[in-house]
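The next part holds the structures, each set out as structure tokens.
In the two complexes below, chain A is the common chain; its partner is chain B in one and chain C in the other.
So, the complex of A and B:
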């Protein structure tokens, strides 16, 4: 006993606690440094250059000035937020409806719970190729069915027109994003105490009243967190748009992330692309901060312990 | 008028039958407690009265109307849940007002009712707080407040005190009894705690295995338990059961030979008992005093000051508990002589039914 005590004292003398703490976090620090901090710093540095394949020169704020003057870029920002709000709202509403249905005591609901998963589970590229075929004018099911019922009189190429391409991309994005939202909401709903519903029912509250005054407030913190997560995913959603339209037609589906990719990777304008990436980081950071502030208020309001 | 009659209520969950032909007639303004061990069906019976479960068979009649298929609101009942079931996101005020909001009650009347309930339950200061900021006892009061604003004719309580600590439980028992007097309403209360049952009830329903063992006033249950189960359930510490054989049956009583040695003549109605029958003598620990007659080999003593609870075995190995004098000279590990007044003993036949005592205390009820 005394022996161990002296031994551990010796170790403590030779290895101060601070060192040990550093030893524990060093791998994480290195990891974050290489994976996050360095690329971020490098992007930031590049955004002040005219970096391209041939080399790079320091150009100061020129890239940002160009973006600030560009009407096209402003439109892209507005479009990105519109895309995000529309898609996230739809995902939340559909997720809420889906979760409510899946939470209902119906026979075989375990099967339905599995059936909502595929859009989320199958590789995004494969899902999107499916949607490409659905949206195809000459061979697509949507165009064909609409013609069959006489809604349209000739083949309609969904992805060929500015408006229809944008909303088609939204639909595909919602299709991919809804299952996760649904399952999170379902999990939250299952955590709501049964007693609350029974008490409300005994007091005469109807189905809709119970949903509005118990379910929604009880899962509100999850709704709000899910909305933030989903917003960030949607804001940065790349594959869906890229596979469906590559940002076209005539930039109708070009969001910030698509624009950045096209500039930096497509046209090898690394400097200009980096400036766009920095704008994205700043926008998302501001958005998240406002959101977290709001989330805190919601949590307080709804009495989350 | 809110009498509550249960007619041949049965309930099955699939194959398992949890309630068997329950017949009860609860009077207006009566405080009735359902008591029994866990799994005896008491909560299920309460939920059937509330309308949260449907009885497989039978009818529920409140104030003369058959409400077996009616919604809880139409039944005129309200219920307090074991978990309180308060809405954590709503203030105390809104929690209490919830049933009235559902009815879309006009604001002035609603406020008056909530304030009145808060007044009765001493919650006026707490109305703007959230349930999470309240103590257990206060939450309990909010739950009660929510049940009284609707002014129902029957209150149902599902083990409302089991989440509170012992001291608070004692206080709340008194408060609930007062509330019953103030509200003058019919109350049905479920508990597994026989002390709650004894202290609060006008009448107690003892349930066991989905059947009513006995329905009566606390003192009836204590002095005239009809079955061995009721006798063992009511009273603290529990009644002792001493195996014995009937030696002689006379009009004045039944004489038994105790397995542990000694004999007693109990003044009970003999009924169909005959010499040679195996029986059990029920002896309450509090009816025992030190003396000569039976040997109790003490293993553990609990000295509470006023009384000394002595646990041990009789000579034949039967476990036995006696509440002796506070200053009794008993010692752990040593035998002590005890004696019992035969008139205070209960006699149960082999099926667990009691042979009615002749000289039990007359009840003033």
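So, the complex of A and C:
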């Protein structure tokens, strides 16, 4: 009793908890406020203007009306979602395969785990320079090997054709994103209790059965949250496409983010660029909300709080 | 026994690992090979798998072709280092508040921080350009440091918070009971205990800061002397030819700082980053 009395006395003596907490987070809040929140607010405002280098006038919904009428822009939206779904699916599948392999109890796995990480560690811009060279038609190894084995009969310039450029960019994006996904899946797999596997093993369950019925359900929460994170990164992915193709050839790799950059920074149409940025924010927010709703259900299904 | 594989299964696993690693490492391997070839042999078609005159010449010539190369690499390290320090200064108190204290709008403000992850610099470039211009930061190191910090704060708070939550609260309570102020407790009790976590989070931030410089550099900085490596590398793209071999040599040299840090700390880094993925 006496103890609690002194404790509450001491607490009264010092700064109230809530004040102290807000004092601690205020610097970070101000920083984010100036560098992220205010620009975000400005983006909304600019999207209703025709801002360019000279100045700006309020134009109401004109920018949005233009976007809604533009077939090119609709194609860009579809392309961006296709880019995201394709790339994220591949990352998840490869990450799952990679994590399963690295989780296998074979000699050398500690080394393999380190060797998987470089694409994540190095700057994307530098990794993309490597891919530019790989995709080179006349002098690159991919075209060279394919010619060597007679798959193609002359040099193939991967980034010069609409289809191949798009899928080449997807492969490069998957290359960048896979290590992180692999790493998280691996950590989750190692967190699965061995007892579960042993019990199943005693009952005669094979590897595939154990993978399907124990590993996958146990790491499901990590899979779904990684899928969302990965989707947001991929949707927003700028450097990969910009360095490989700058959105070309003939817009084949132009995603929303590239389109926004080209409009705003390339052509100095700040207002029209801002409207595109708002579309990105809204689409991502809606997508995330729908996804989180779904995530909630999955977590409930697998008994996670 | 459960984990035992037959010889055939072992071979299968190694073969699959090999395919996976080839995909991951092929670009690095080819960059290295390209850096060893003389330029005229690089431009040989059909593709040659082997050249007879590999040399490290490009690693010497690159400093001449792009005289500022050394500066670019130092700039990269300097920018990433500054971003790391500044981010940690902002993140440590905030992460502590979220890990330990109870206050109004706790979850809402944390959600706001994490929501920042939904945007990349690319979405906010236009107004961000104006903000930086108003603050007089364009074409300085700050133009690349300041946005860099903003986009790493959320991840920093998230990672450090989960680390701080694992430190036993009893020590703080004991110090507090002895009459230490809240600030003193944070500085003298929590921070020393959190050093391993700070190293992990600091490394993660450094790697992130090293990686994200390209966009901010090409958009907010026109001063050549301040350019970081990912932007500076494109100087190897000349009007006439691209000196690919030297560009590859420079790229590989430029990632050394971050690769060395990663290799030294990878064990802790991986454990720290994925702490949230493992069920307690």
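Some notes on this structure:
Keep this in mind: the second predicted complex is superposed on the first by the 276 of 305 C-alpha atoms of A that agree within 3 Å, B and C clash if a C-alpha of one lies under 4 Å from a C-alpha of the other, contacts with A are read in each partner's own complex, and residues count from 1 in each chain.
The rule is short, and it goes like this: a contact is a pair of C-beta atoms (placed from the backbone, for glycine too) under 8 Å apart; a residue touches a chain by one contact, two chains touch by 3 or more.
It should be emphasised that the depicted structure is a prediction, and the values quoted were computed from it without experimental measurement.
Once chain A of one complex is fitted onto chain A of the other, the partner contacts of A:139 are limited to chain C, with no touch recorded for chain B.
When the two complexes are overlaid on their common chain A, residue A:116 makes contact with chain C while staying clear of chain B. After overlaying the two complexes on the shared chain, residue contacts for A:195 are found with chain B alone; chain C is out of touch.
When both complexes are overlaid on chain A, the residue A:203 reaches chain B alone and has no touch with chain C. Number of chain A residues touched is higher for C, counting chain B against chain C.
When both complexes are overlaid on chain A, the residue A:53 reaches neither chain B nor chain C. Residues 198, 201 of chain A touch chain B in one complex and chain C in the other. Taken in their complex, chain B has these residues touching chain A: 50-52, 71-73, 77-79, 81-83, 85, 87-90, 98-99, 102-103, 130-132, 146, 150.
Residues 193, 195-196, 198-205, 209, 213-214, 217-218, 220, 301-305 of chain A are the ones touching chain B in the complex. Of all the residues in chain A, the ones that touch chain C in their complex are 7, 10, 14-15, 17-18, 20-25, 27-29, 31-32, 34-36, 38-40, 42-43, 46, 51, 94, 97-98, 101-102, 104-106, 112-127, 129-131, 133-134, 138-141, 143-145, 147-148, 155, 175, 178-179, 183-184, 186-188, 190-191, 197-198, 201, 222, 229, 232, 236, 238-239, 243, 257, 260-261, 264-265, 270, 273-274, 277, 280-281, 284-285, 288. Within the complex formed with chain A, the residues of chain C that make contact are 2-3, 5, 10, 13-14, 16-17, 20-21, 23-28, 30-31, 34, 42-49, 89-91, 93-94, 96-98, 101-104, 106, 109, 112-113, 116-120, 122-128, 130-131, 146-147, 149-151, 153, 157, 176-177, 179, 181-182, 207, 210-215, 219, 229-231, 233, 244, 247-248, 251, 254-255, 258-259, 262-263, 266, 270-271, 273-274, 277-279.
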